[in-house]
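Have a look at the structure below before the remarks.
Letters are used for the chains, namely A, B and C, taken in the order the chains are written, and counting of residues starts over at 1 for each.
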Amino acid sequence: MKEQIEKYFDRLWPLNRSLTGNGNRETLKILSEIADIKITEIPSGTECFDWTVPPEWNVKEAWIKDSIGNIIADFRVNNLHLLGYSEKFSGHLNLNELKEHLYSLPEQPEVIPYLTSYYKKRWGFCISHNQLINLKEGTYEVLIDSELDKDGSMTIGESILEGDTDEEILLSTYICHPSMANNELSGPLIASFIYKKLKEKKYRRYTYRILFVPETIGSIYYLSKYGEHLKKKMAAGFVITCAGDKGNFTYKRSRSGKSVADRASELILKETEKNFNIEDFFPTGSDERQYCSPGFNLPVGSLMRTRYGKYKEYHTSADNKEFISFKAMEESVYKYLEILDLIENNFTYINRLPYCEPQLGKRGLYPTLGSQKDTAEFVNALMWVLNLTDGSNDLIDISDRSSIPVKVMIKAAEELLSNGLIEIKSESMKLQ
Amino acid sequence: MKEQIEKYFDRLWPLNRSLTGNGNRETLKILSEIADIKITEIPSGTECFDWTVPPEWNVKEAWIKDSIGNIIADFRVNNLHLLGYSEKFSGHLNLNELKEHLYSLPEQPEVIPYLTSYYKKRWGFCISHNQLINLKEGTYEVLIDSELDKDGSMTIGESILEGDTDEEILLSTYICHPSMANNELSGPLIASFIYKKLKEKKYRRYTYRILFVPETIGSIYYLSKYGEHLKKKMAAGFVITCAGDKGNFTYKRSRSGKSVADRASELILKETEKNFNIEDFFPTGSDERQYCSPGFNLPVGSLMRTRYGKYKEYHTSADNKEFISFKAMEESVYKYLEILDLIENNFTYINRLPYCEPQLGKRGLYPTLGSQKDTAEFVNALMWVLNLTDGSNDLIDISDRSSIPVKVMIKAAEELLSNGLIEIKSESMKLQ
Amino acid sequence: MKEQIEKYFDRLWPLNRSLTGNGNRETLKILSEIADIKITEIPSGTECFDWTVPPEWNVKEAWIKDSIGNIIADFRVNNLHLLGYSEKFSGHLNLNELKEHLYSLPEQPEVIPYLTSYYKKRWGFCISHNQLINLKEGTYEVLIDSELDKDGSMTIGESILEGDTDEEILLSTYICHPSMANNELSGPLIASFIYKKLKEKKYRRYTYRILFVPETIGSIYYLSKYGEHLKKKMAAGFVITCAGDKGNFTYKRSRSGKSVADRASELILKETEKNFNIEDFFPTGSDERQYCSPGFNLPVGSLMRTRYGKYKEYHTSADNKEFISFKAMEESVYKYLEILDLIENNFTYINRLPYCEPQLGKRGLYPTLGSQKDTAEFVNALMWVLNLTDGSNDLIDISDRSSIPVKVMIKAAEELLSNGLIEIKSESMKLQ
């Protein structure tokens, strides 16, 4: 899979993604080769809660030349050079006038920073601090051939994979950063390959909803349309971002801190990873800010590797192909699949013979040679499931309490289910 | 007491206990010299929940001889040699044929393992691994003169000590292992001597129910008969097992983890023992598996010394008189009595003058010489009881929160009770 | 402020305070120069709950002379010499007879202990142990010219500062110890200066009730009169004592352990002090014993420095001016004010736009230059407030969860409030 991921990465890398524009359309078109993405255009000016979809932004060219015609910064060479959502401009400025429109990072003088001005009209260029301090006095020529079209639209992508039930799992990722690797392309690529793998499954208990939206305004629009539906139907959700670097996994909890998304992710990390980080929810970050706003409070966490803001390459030109690893990205796909698989198999069962133990021996589930010194892990798992299936524990709880790997616990539960000793707790039981 | 325990131990040791049979009858008869045990026969074939009482098993003789007549294993020498519930057999076999019926423990080559086959018809012998590997080719003669009688019965013993109320404390132990010391005889011996001591008490708040039953099938039968009664009446319960060795005390919690059995045991251990172990409930082990099955969920824990499965002599011929200590067994009796005594004295009181402190000085409960630098522990205890007796704390809670020894707390409460400053919370108060 | 505190300290020091008497009247008169204190006389014999206001005690003179007329102990030199509430006595005694009326502290032989006999008629003198053991055989003359007047009264002081609401904050301190510094004068002095500072405030959300009462009987009397009112109206309360020494702050929690008094005090200490102690509630100590009795269970904690009983000078003549620090006392005033200020500002808010984030940028609350690497603490605080104002968290909770200083949190909330993004949770909302 990792070779395929790299191939798509290389095609997606140069596109100028932003809140809106042709770069986003092209991105979704390429991702559609991996996943079945329904692409929708939301007109600029559409109101959603406290927000309005902005004009569509497209850029033809943008550059700065010095007095002798040397190119100082060119959008075609690196789209980070242009401040996101820069308005049209052309003119000649002296160095001081130009500097008011230049952005750099003094503490990381080698890299081009990534900056935007979505909701205030500005123009500007981002360059390395080393380049900035070496600019000489003189007259500079600036051209920004961009368009902010009030009759344009915002482009979003959505993939729905129907499952056996209409309870849903949400995977949300964003498509609004230009050429950056971990904090942009890892997200939509991992989401697309998860889709591809989920589609291959013969049985899915849950319906999967995978969103490719510009950050903030995209998820806010989506929640304004489908938020009430998601409140009713969502079992778990994840924001997929920053999952392509070589660091350990990080799981950021949902607002409640104990949703099934949280419990499943933490159990899988505990059982499969030597080093990993768990972070409590905090209300800055990515689109979990919207999903976990108090009016929705959806069970949405985020499995990342090195979290946004925690690595120095974040939001700079150094968040590039060298910084990431396609092997790590493939592993992230499988880690997500492992968590989703656990959620699929995580039932709350009810013991149908709750008075004393059922006689497992006569069902071939217990050794007929009695009084052995050790109990096999699988027999232990059977006992734990039988003992704790009183309706207040799901398999994750039982695995947590017993310290028996959850895969063994799932197998034990399946064995007991097929022997009629437990049954899945039904909605009507839940109401009791 | 320990000399007496040893005397009974020596008489009980050689008997061939199992799920059923004359060894069990004889065991209960001997224990009846210590405690008033009502012996009941439950017919083979009796159904209880998912189980059926097995045929009665008795053995006349059982041995293996080699081709020159040397005895290889003889039930009369050590009843562990015979696989429990072996069916009748006689015949001549070569070494390979014989080996299919021989059981040994390669990792402990010196000892005879203890094994059974209660619910699948088999015959077999258990021998040390050293003996097994030294057996020579040749013809072996085997005789097992045993009987599995479908018209027999399972024998259980029950002692009831009436108390002031019909709320009950259950003590359950098992009588189904042949010649083993810690994991068999420590249980029924300690239970019998606890009975003897409880009977001597002038006042018992609780009714005591002490059970001597074969493990698993015995407690399941009993619960099928009295489970609903126990659910209504049981205040606390304990499975008595593995309490005769020289190790530190171990308390295994009941399923809820915070029953009065748990809280009392942990407080007594904390106050009286330097080293001890607390284990959370797990659904393997002894008869707490049945008492704590989800349909019953009774408040049954287990005070042991070295827990079953935690010592290498467990379920082997090395669990013998040398492994145990009669002094330790006597101490276990008194430790149980101390816990039971705490439960007897553990009331939830209500402060009758809850507005400000009552004036203790005029009742002789507070020093008349005021403003002294230190407060005596007993005065402290009076203050704690008065402050926390709002109906949500019993004396164990108050002792836990204050770190004042519970015996001081009990004395303080009795003093306040006799001064009319507190009263016992009544059932009608509980309903409020 | 500390010079002023010292000036008042010096005037208050020599007065003979006790449960009753002219020393208390004089003390309240002097404190009235700082705070507006309403002085009330409660007749001796007044019944309150289980207690009775004692006779009024006044002392003209009290001394012991040896056979050649040397003064051994004189009440005028140090009022600790006289056992509190000593009855009238005059006579000649030999050394053995005298010793029955002498109290000393063998473990601290240099100091005069402080002792009382409020509710049992006695007379006695307290002297240093060094002095005691050097007393020679001979005849001693004793004079105690004291009066226990059944027609007298107990004097209490009360300052009420009206606030915007009738919800109250209680500050309670005591005026019943004679010449002691930390464990007496620090309390009423700090309380008076807090009053002075609170009175200067333009706006007070809460009504403040500051009590100057003799310990135990004073607060019991007050609760017998106003306890039901306080149960309805009290938001938080503090017993002010032992807050004038040079030690670290100690906060003793209220009975519930999580009242707003507790949460505010602990947060302020955590944010402003490097070293401090938190102690769980215990039912001995000062008047929190009465406020936190189970019938009232008021949210009353106590901010001290070195807690009573924790320093060797406690209840001796060594608890004097040298032991304390007026700088520390001034800091204690400001620490209390800081805690009270937090309680004043600690609202439970409701997010009025709870579905997704409101667009802060258009309100000037979010940087218009987007995608910056770091989020400013204030923006973070805005986000935390918006995310957690679902009605179940107050600002202390939000500061605790976010680890953002509560002053920043208060500013953020005020900003959001003035922008109409949040509102104060009303009583009617609380009922939902």
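Following the convention adopted for this analysis, a contact is a pair of C-beta atoms (placed from the backbone, for glycine too) under 8 Å apart; a residue touches a chain by one contact, two chains touch by 3 or more.
Predicted model, so just to flag it, every value in this text is computed and none were measured.
The rotation relating subunit A to subunit C, fitted on Cα atoms, comes to 120°, given as a multiple of 5.
Interface subunit B/subunit C: under half of the residue numbers present appear on both copies, so the contact uses mostly different residues. Centre-to-centre, using mean CA coordinates, subunit B is 54 Å away from subunit C. Within subunit A, no positions touching two or more other chains are listed.
Across the complex, subunit C is touched by residues 48-51, 84, 103, 105, 113-120, 122, 216, 219-220, 223-224, 227, 255, 280, 282-284, 289-290, 292-297, 309, 314-315 of subunit A.
Remark: subunit B residues 351, 353-359, 361-362, 368-375, 379-380, 383-384, 386-390, 401-402 touch subunit C in the complex.
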